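Letters A, B, C, D, E and F mark the chains as written, and numbering starts fresh at 1 in each.
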């Protein structure tokens, strides 16, 4: 296990701090928050105090197990980080991980925001449900912690988050959502076996072809993210764990 | 199997045709070509004539098995398609598949171009080798056909392309490249098992942490693309098959 | 999904209620609690109110998806349930599930208590860590929820519980504990491959042969429990989810 | 491979010998024998003589590959061993293995006897069939040898024992028994995939919910025993191999 | 399950009977027998009487689950069958299965006899050990029953046969034989992973390259036979089960 | 990776050269060629020049990674090699690999020729399709390269060869051929799961029991060949790669 400090983490944090002077309004944050409450603040000052329970090894330092030389954030990305800080109370570690290279951060954030927050026949909750079911199949710690929290928040149902983290088959889903997750998990586990019959099963429960694209694209995206996270030992912000329990 | 015509295909082709009037010079194409020869043209007018061998069902029509309503290409994307047409002799089908939604096309192309053509300690050939080894593990037809052709082209070694398509372990690689593909394939098959020891193995054969990121990001990207392609039954341009044999 | 009410649940609850009149002191409870605080009570009256977030389908009603005719609890078991109620604030659902047959409940409780609470060179936390790592391999909802909570409580480290639920390889363990979980998970995933070399690896990090027996027996036990729980769709008490976050 | 002698084996044998002086009548033996014939005696004095064919390395010495300090058997367990000796002609090695700790031996024997010999809608043969099918999936030598013999004895059909040891799918079973083993083997191989549909398949061939519990509990039990046996390299009594061929 | 009678079985038996008039001396039999005792006869008239224990469904009738029109045996094959009858007491069912086509029977028997009985640095027992270990990995009933008997006979060690049928890792083998079976089983389970390192491991324990060929060829052969047997539900002669116990 | 020269290769080539003086007419070649054109000659003098693209490491020298002392070819095999040379322009490397032992070469060639070129209700193309689908499941480089070329040649459809190499599920097959390949691939991946239902599925699309035998036998044969090839690192003749593209 790497014990050295993580440069991008530091440089990204410095860049994010510098960026606070220049606010930006039109940037979507990684996850939209209903009601705008600062969940992160609540969590960090609330019942669970990570500094107390394990002061020596906070789980998310360093963010990843690679030493990467950080670059300066572009103004757009600096504004984005500032918005995260304001709305969430923290910058998600995946963004800090990508921040060593502004171009990579931008392409990642653009794809993420389009897929997870853009227009779709799938609700934001449904997209997060796919994220968690896929990440459970791949046993990805980063994504299970962060998107498990998202499912708990969006659904207002803490149990649903746990079901999807542990075994999506135990969740009490309607037929549409069950078919959606069955497709996403099969696509994750054995993509070579996905065929017209699988698409037909989605159509039969009411999904349009455009929605099938979105299910596929979200499931595909997390198959990418899961692997970047596992390859780099990416650590979720500790704050996620206590959110919306 | 879907027998209906594929709208995005048509609309994207119309949009691409419309875009030909407004050229753009600074757009990278999906694959840079050494020497600028129009491989596609050679292939399409050469020995292999798909229209003759199977006129009724050209393999790549429709491009995908979903009917998606096409949108108009943005000027940037129209220019990009035009550049593909000029340099490659065709627009890669994956771009036509994404063209139903210009925003999605742009985020996909931006990430692709950064990863596969941007600065990296990995050569373009090495990145294509990862693409093929990952796609072989996932048995993804689209990516094996298109990136297998890229490996043959970049390497000038047709056998290397076949080795990676069929079983990368038979390729006669140096230690660095073998370690690179071992990591990428393990990350594909069981990402949950990737740990510090795996990163150490890469460092021991000379990879920097930044290069480990790039290996991970490229492997991750094709784990996404493979799944979008399999989920939608994406078909590669027929021209790829005969390239650089 | 079964929609009918679950008899053992009802009869067991009735039996448990009846048993409250006859207290018993010498019965070990399913999990010993440090300091004796009634965690269950706190959870049920605290921040998370399951009745509010999903009143129609409380997760743990019915306890299992089988309709079993309940029998009367033996005095020993009635006392045991009463003690659970006093110390934990609830009777763990796995006990309610077995309560349809007092003999089965007794053999289960006796084995459980011997393994998890009896004398051993493994700490109670270590035994719970094995329980969670095994249950994660088997994706058992009941055991992940209940024993994940136990790991959080015993360790005072909420993150450790999440690590073991999601992918034990991300937990920052010492060599001894890592070897212990590697053995337990291999024994779970492919018992036929466990050989002298595996036992030797445990001895090399300091485990005695007696401790190797205990690791094996605990891992074996949860391979049983996981399957009984999955076979019957056993539901954990909702209260576990918010414990010790 | 361990070459040292195995203490529990010795101490257990000493304890068992000591116990012979105090008989006990009400103790069930590990396997009830139709007609009360001493099969073991026949086998040990019959055609197959292990001492002759491989005198240097009798398969079952030591019983397990762990050196465990033996404890004195409780009177109940001593009586149990004596009864085994009288009825079977030998004490099953699994009991000798557990005998290092009387409490563990008692909980194991109690659960075993309740599950395999207690009241159930499943015949004893059916429970042994589950034991063998599960043990075949887990490739457990101890359980295949001992319970394979039990299937041969109970069924009077030596071939059935071999079918279940080798591949239960070749056995010519009625629909009820085939469904029972399909469930048990699926529960063994991928418990996370067992759902209401699987239980429904059992109900459709006539199993009651109580019998589904029993199938699950027996399958679960052997998933435990298989792992304890594999983890400790437990060796079956040589006598099993020639029984009821 | 097929209930119709099996033609090749009948026609082959008729052909074999017809062939008895014309003996042939120089034909090797499927398995050479030490000492020439007629094991089959002993088994069929001995302790185990299949006609008594399951008269309605003798396991090996029909030999396979396909109805194939039988052809006349060539004189060489008729002589071969006659020799089997004389030396073994029966014609192995695999030969009856292939007998519907004399050309196929001849190529099968020629390859079998060359591999299993021809010159090799591997003993006949070692080749049978490979056969059983491979067949266990593939869970092939026909080959486990017939070649398990062969291992028991050749080795004079009934336990060895059971070890290899159930899990070859429990057999107490020398390093050479263990390496041989490890190679054969890996080649069976994941041939794509076999590389120079695996061959080196065989050379290190003393195998010549020619012997590595033989290990590979025998393992390959049973990967073929296992599949023909499973595909056709081939049934071993009942007599095998009781041989050399 | 072995760097030593490969003896059988040399001796076999010498033997083949010597054999050219004594022609033989009635020997079938490994693959019959429609129209009798010498494809091999075209390939070796055509567009693809392996000596130019990778002069230092021609892929197929040595043919296998084992050093085997070559024997003299029998007159029949010498004639066979000569015929290959005349009709194909080369001797397939698999024959050179077996040539170290004429008896083994003869049994291999006899079985191959009976199965792949003999009478059958399956067309030669269909048998080659099975060969490729099986070899893809086993990721066998030798067989994918050589039989992939055969599918391209027989079908006149280069894409079909690529489909079967990469993932047979993307090929646009009729129901009969799809069922045939589904059976062959299941038989390859998990032979123990093949049962009467699988045979019934083949009968339902029109296969006779004799054709089911042939599908099984061809699939079985390539499960053997794939393993011999992988075990020995067998290399296909370079000429295959450019054939019939």
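Brief remarks on what is shown
The rule is simple: a residue touches a chain if its C-beta (ideal position, glycine included) is under 8 Å from a C-beta of that chain, and two chains touch if they have at least 3 such contacts.
As the structure is a computational prediction, the values presented were derived from the model and not from experiment.
Common partners of chain B and chain F, by the touch rule above, are A, E.
Averaging C-alpha coordinates per chain and comparing to chain E, the farthest chain turns out to be A. Distance between Cα centroids is largest for the pairing of chain F with C. Per-chain Cα centroids separate chain B from chain E by 48 Å.
Rounded to whole angstrom, the centroid-to-centroid distance between chain C and chain F, based on C-alpha atoms, equals 56 Å.
Residue positions 1, 139-140, 167, 192, 195, 233 of chain A each touch two or more of the other chains.
Touching pairs of chains, sorted by label, consist of A-B, A-C, A-D, A-F, B-C, B-E, B-F, C-D, C-E, D-E, D-F, E-F. Residues 192-193, 195 of chain E touch chain B in their complex. Partner chain C is touched in their complex by these residues of chain E: 167, 169. Listed in rising order, the residues of chain E touching chain D in the complex are 1, 47-48, 50, 53-54, 57, 59, 136, 139-141, 144-145, 156-159, 162-163, 165-167, 170, 172, 233, 238, 241-242, 245.
By the touch rule above, chain C contacts chain D in their complex via residues 1-2, 65-69, 100, 103-104, 106-108, 110-111, 114, 118, 138-140, 183, 187-188, 191-192, 194-196, 199, 209-210, 212-213, 215-217, 219-221, 223-228, 230-233.
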